[in-house]
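When the chains are written out, they are named A, B, C, D, E and F in that same order, and each has its own residue count from 1.
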Amino acid sequence: MQLHRKKRIEIILEAPGLRRLTEILERVQVTGYTVLPAIAGNGRGGPWSEAGQVTDAERMVCVMCLIDPARTDEVIGPIFELVKRHIGLISVSDAEVIRGERF
Amino acid sequence: MRYDAVHGNGEGEAVNLVDLAVTNLLSPVVLFFALGVAAALARSDLSVPEAVAKGIALYLMMAIGLKGGVEVARQGLTSTLILTVLAGAVLSFAIPFLAYAILRFVSRLSAVDAAAVAAHYGSISAVTLAVAIEVLGRAGLNFEGYMIAVAAVMETPAILAALLIARRSRPDDGLSRGELLHEVAFNGSVVVLVGSFFVGWIAGPAGMKPIAPLFTDLFRGMLCLFLLDMGLVAGRGFARAKKALSAPVILFGFVMPLISAAIAAPIAAMLGLSPGGAMLFITLAASASYIAVPAAMRLALPEADAAIYLTLSLGVTFPFNLIIGLPLYLSVAQKLAG
Amino acid sequence: MRYDAVHGNGEGEAVNLVDLAVTNLLSPVVLFFALGVAAALARSDLSVPEAVAKGIALYLMMAIGLKGGVEVARQGLTSTLILTVLAGAVLSFAIPFLAYAILRFVSRLSAVDAAAVAAHYGSISAVTLAVAIEVLGRAGLNFEGYMIAVAAVMETPAILAALLIARRSRPDDGLSRGELLHEVAFNGSVVVLVGSFFVGWIAGPAGMKPIAPLFTDLFRGMLCLFLLDMGLVAGRGFARAKKALSAPVILFGFVMPLISAAIAAPIAAMLGLSPGGAMLFITLAASASYIAVPAAMRLALPEADAAIYLTLSLGVTFPFNLIIGLPLYLSVAQKLAG
Amino acid sequence: MRYDAVHGNGEGEAVNLVDLAVTNLLSPVVLFFALGVAAALARSDLSVPEAVAKGIALYLMMAIGLKGGVEVARQGLTSTLILTVLAGAVLSFAIPFLAYAILRFVSRLSAVDAAAVAAHYGSISAVTLAVAIEVLGRAGLNFEGYMIAVAAVMETPAILAALLIARRSRPDDGLSRGELLHEVAFNGSVVVLVGSFFVGWIAGPAGMKPIAPLFTDLFRGMLCLFLLDMGLVAGRGFARAKKALSAPVILFGFVMPLISAAIAAPIAAMLGLSPGGAMLFITLAASASYIAVPAAMRLALPEADAAIYLTLSLGVTFPFNLIIGLPLYLSVAQKLAG
Amino acid sequence: MQLHRKKRIEIILEAPGLRRLTEILERVQVTGYTVLPAIAGNGRGGPWSEAGQVTDAERMVCVMCLIDPARTDEVIGPIFELVKRHIGLISVSDAEVIRGERF
Amino acid sequence: MQLHRKKRIEIILEAPGLRRLTEILERVQVTGYTVLPAIAGNGRGGPWSEAGQVTDAERMVCVMCLIDPARTDEVIGPIFELVKRHIGLISVSDAEVIRGERF
């Protein structure tokens, strides 16, 4: 099975900023991403948990996208511009996919 | 004559206020809030699933909106409507400036943190409103249906005020103001409150009847469930409060609702609202937002510390209003409009 | 005599239909759907948590099933039962062939896409059925309890028809047909509808009484909540509809329910159903599935574009039936069976 | 005289028991459980969202607690209260030792697995209690309100017993006993049951009235929804049961409730409980925990196999009590206390 | 602490196909996997969100499994057979675990 | 954009053990972590699913944390002490982050 090297970007971001983030992803032409919910966490801002929350103000989501390695810098630059004002963190790792032409 | 009456049974009324406060304290709604707080402080793992809490919040706002709309359909539009809506909007916009000034004077909160907190106190709390309606129900009092519209109108201006305040102290962030305003104005809680109000108005008492078993009969029971959840969340916030909140800030959380109430009460009297309507108007002014404004602040002022405004609004001011504020506002409103 | 009656007060009945449509339009159920659509179009962040939406859908299907079963227990099995069930099954199997032919003739949908869409129109929509029952309740009309069984029976044959149609245009995929049929036949919505129907039948009116406060009294209120959600989802689908749906396909979404209704109406008359039963039979034929069939199509015809059939079923045909279809079918059924 | 009565209509009472069992079997609550089991065995994808299931469980425990508290407010504290609470606590602590001995004697379960299972049988099942209250309601019988407090008290001692038993067979794990006890004692289900009991007691019948539409009228309907879910989960457990459970262990799941009931029945008689109260006392002894104890066992005895105790408690003993146990316990309680 | 090199396979798949996928995993003897929910996403098929959805037709799940590197090809082959007909994507990355004998 | 090498630790653990785990993380001074829910899975203990569950006894959660590579051993040691008694597994992989000083 032919595997193609990609970058896996994972952005942990506070939920209210999600719409902004997806707009940025669209702008830098990352058209594929998946959002996973987080249910609790801890950071410099202290612990949080979704239990019983009515507002999304404190909860985080995790946005995952597989992109072409060559595009890493042009993608994480604008994301970082958003994330640095908000609560959130970006990580990048290596991954391989099938059907590499789709990314 | 009113003067005489007040003095005539001054003692009787003092008793009356204590009575009101005790009845309030022993109502299931308040008891379930206390249960939630106690469970959280005892570090119990009791919790309401997030989806259920959000579902009940949605239900409560639909029920409130419908009730207000049906009342307007029943009572018709009175002449004070527009004045009351205007007064609400002005209050919501003005209170944050006052709150900001107080906060900066008494505490060491940064300008951005103080602006974010101030926004919460200008806006309104739908849950406090829900409990106030329950208290009115218990007291057998009616209210002007359009108070729900007033509530909806008061959600947003406070956010604008906070943005104006904060702009003075921080560089522009290049965020589109228009988009932010759109997000604030079409916040889910605003839309469902206003929308249900119009649904209730259009459908009227006849249209309301078949859905009353859900939206009227279950209202108070649902409020119990919701307040259990609020108690749990508030109680868990207390642990963090020690770190996030200084003594003057906590004090602000107790005193600010009284200040807002003191401003709103004479306005309610001037507007000629009924006792029930006046009580709701004072409650709206005195309550601090917990749903719409926090979400808006994460977008508009992300530098502000969420732990401060969430804990203050839910952990200090909400219980204060629940236990002490509401009976007080009711007795004031009864005197004003009696 | 029936002929005379129709002509005799033809005008009165035309007014009647408009009346029906307006009453329908101003019912909270339709208004909440409109609120949902409006909120979605205004890009509000209002949303119903997924778990709550699924919970209410489950509740509605249990309530419908129970109601049907209790009606059968009360009215007994009439001779037309088997014929009606058979007619329903045949309709569900036949409509997809017609729908497919029309789609291929008027639009450029691929064979697989057209087959997938066709399956939705042969099958039935439980929510449309729920609203139809609510409309009957408002009109004070009863219906044959076994119509719920007819509804359950009509869910599946359309899927088989679509598979037969699609097989002609695509190579076999080696998927076990048996397993697929099993998944379709034991789809959650089918199981809960049929199961609750039997529970209602066995428990009867006496057994239903203690659970009626939940399953009968709250039914209409729950429908409001659910339609708010449907409106939100449908409204968000509209944005995508522009891309996914061409004009002829959208037109199909409006016309196909009328064609199905026109086929079902004379059959209902021949079966000798009551006005209420006839109205439900026509509604079942005219409605397009939104829960069971999409899930089946993802498994059976994964190549078909989900955006097309979901948007068409929920965003075009469901609102059409809700606003125009239901009052029309009711007035047709009253004429047929009156 | 009681002796005579028993012999006098011994036959009539045998019939009565069968009657009871059949009525029970055809009640919607049991039928929905059966529907859930059937759907799971047919591998349907029907499911209740987790958040909804948890929400309903919370609701049921609030409703039970409130009901018990209001009854105490109405009936006052009787002298048997303390004795009954004590008897419950002792039973909860003692039953695990017996259950452990039986399990080790008849099966090949490891010491840790047997101890974990034993804890479930000493503790109580809130859902079984809820159905028992529903059965009493159907039979028109009242019960001592403090039985709810007895239920809450019985949740925990069984866990302590199991820890004592298991300690003999495994090395200490360095886990703080104090913390574990805290987690067990403040388990969410215990807190909400006890808390709602006190809320009901304080608020009394008058305070209960406005929230009765939710917590009283909907109780039985909600139980149906919950038992559908329990049936689904239990049915899915059956598939695994074959692997996890040996024949003697399954037999234990049927016989142990009868043994516990046989021990509890004379105690109930000695305590002088009313028929309704005696039935609940026997049911508490005979039921096996499904919410509080499994969570505690994951923490306290993580080496124990969860598939064994969950399947046994939910898949064997719960349905046994639901279908055979409850009518039996009711008829025994009526004879004892009649 | 002794770490063992494994492969981390992540399959993002539309929810209705999950049962098929787990059957395949069983067939190729991948007996350990964990399913995470996704709440929103975007791809060539356009954006989706679970909000308010009654049907699982459009939503995605994320199946994660840690396997022995030597088995990568024999595992992702059959998975790809399924995923290529459905909406979904497969990615493979490196990871290390404790207790390597369990995989 | 300057990226810093970190370790991404992923712990799949039964939900009742979560409080213990976060206490351990606090003790070893991992102050940043995010908890993701899992909805189903399979392992030596057989398959599980959250559907309709009232108790958290059987469900798993996935705790993710990004830490400084130098601290890997001192962090996963105590975690392993917990996980080996409970149901759960730990995996470690490479990732890069922006703002490396925060970890």
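Here is the rule we go by: contacts are C-beta pairs under 8 Å (C-beta built on N, C-alpha and C of every residue); 3 or more make two chains touch, one makes a residue touch a chain.
Values in this document were obtained by computation on a predicted structure and should not be read as measured data.
Counting steps between touching chains, the shortest path from subunit B to subunit E takes 2. Among the other chains, E has the CA centre that is most remote from the centre of subunit B. For subunit C, the chain with the farthest CA centroid is F. As a whole-number value, the distance joining the C-alpha centres of subunit C and subunit D reads 41 Å. Rounded to a whole number, the gap between the C-alpha centres of subunit C and subunit E is 35 angstrom. Annotation for subunit C: residues 45, 47-52, 54-55, 183, 213, 218, 295 touch two or more other chains. Annotation for subunit F: residues touching 2 or more other chains are 19, 36-37, 47, 93-94.
Pairwise, the chains that touch each other are A-B, A-E, A-F, B-C, B-D, C-D, C-E, D-F, E-F. Here subunit C touches subunit B in the complex through residues 26-28, 31-32, 35, 38-39, 42-52, 55, 134, 137-138, 213, 217-218, 220-222, 224-225, 228, going by the rule given at the top. Residue ranges on subunit B touching subunit C, taken from their complex, read 49-52, 54-55, 58-59, 62, 66, 182-183, 186-188, 191-192, 195-196, 198-199, 202-203, 207-208, 210-215, 218, 295.
On subunit D, the positions that touch subunit F within their shared complex are 47-50, 53-54, 57, 173, 183, 229, 232-233, 236, 240, 243-244, 290-291, 294-295, 297-299, 302-303, 305-307, 310.
Note for the complex: subunit E touches subunit C at residues 14, 16-17, 19-20, 45-47, 49-58, 85-87. Residues 1, 3, 6, 8, 18, 22, 25-26, 31-37, 61, 66, 93-99, 102 of subunit E are the ones that touch subunit F when the two sit in their complex.
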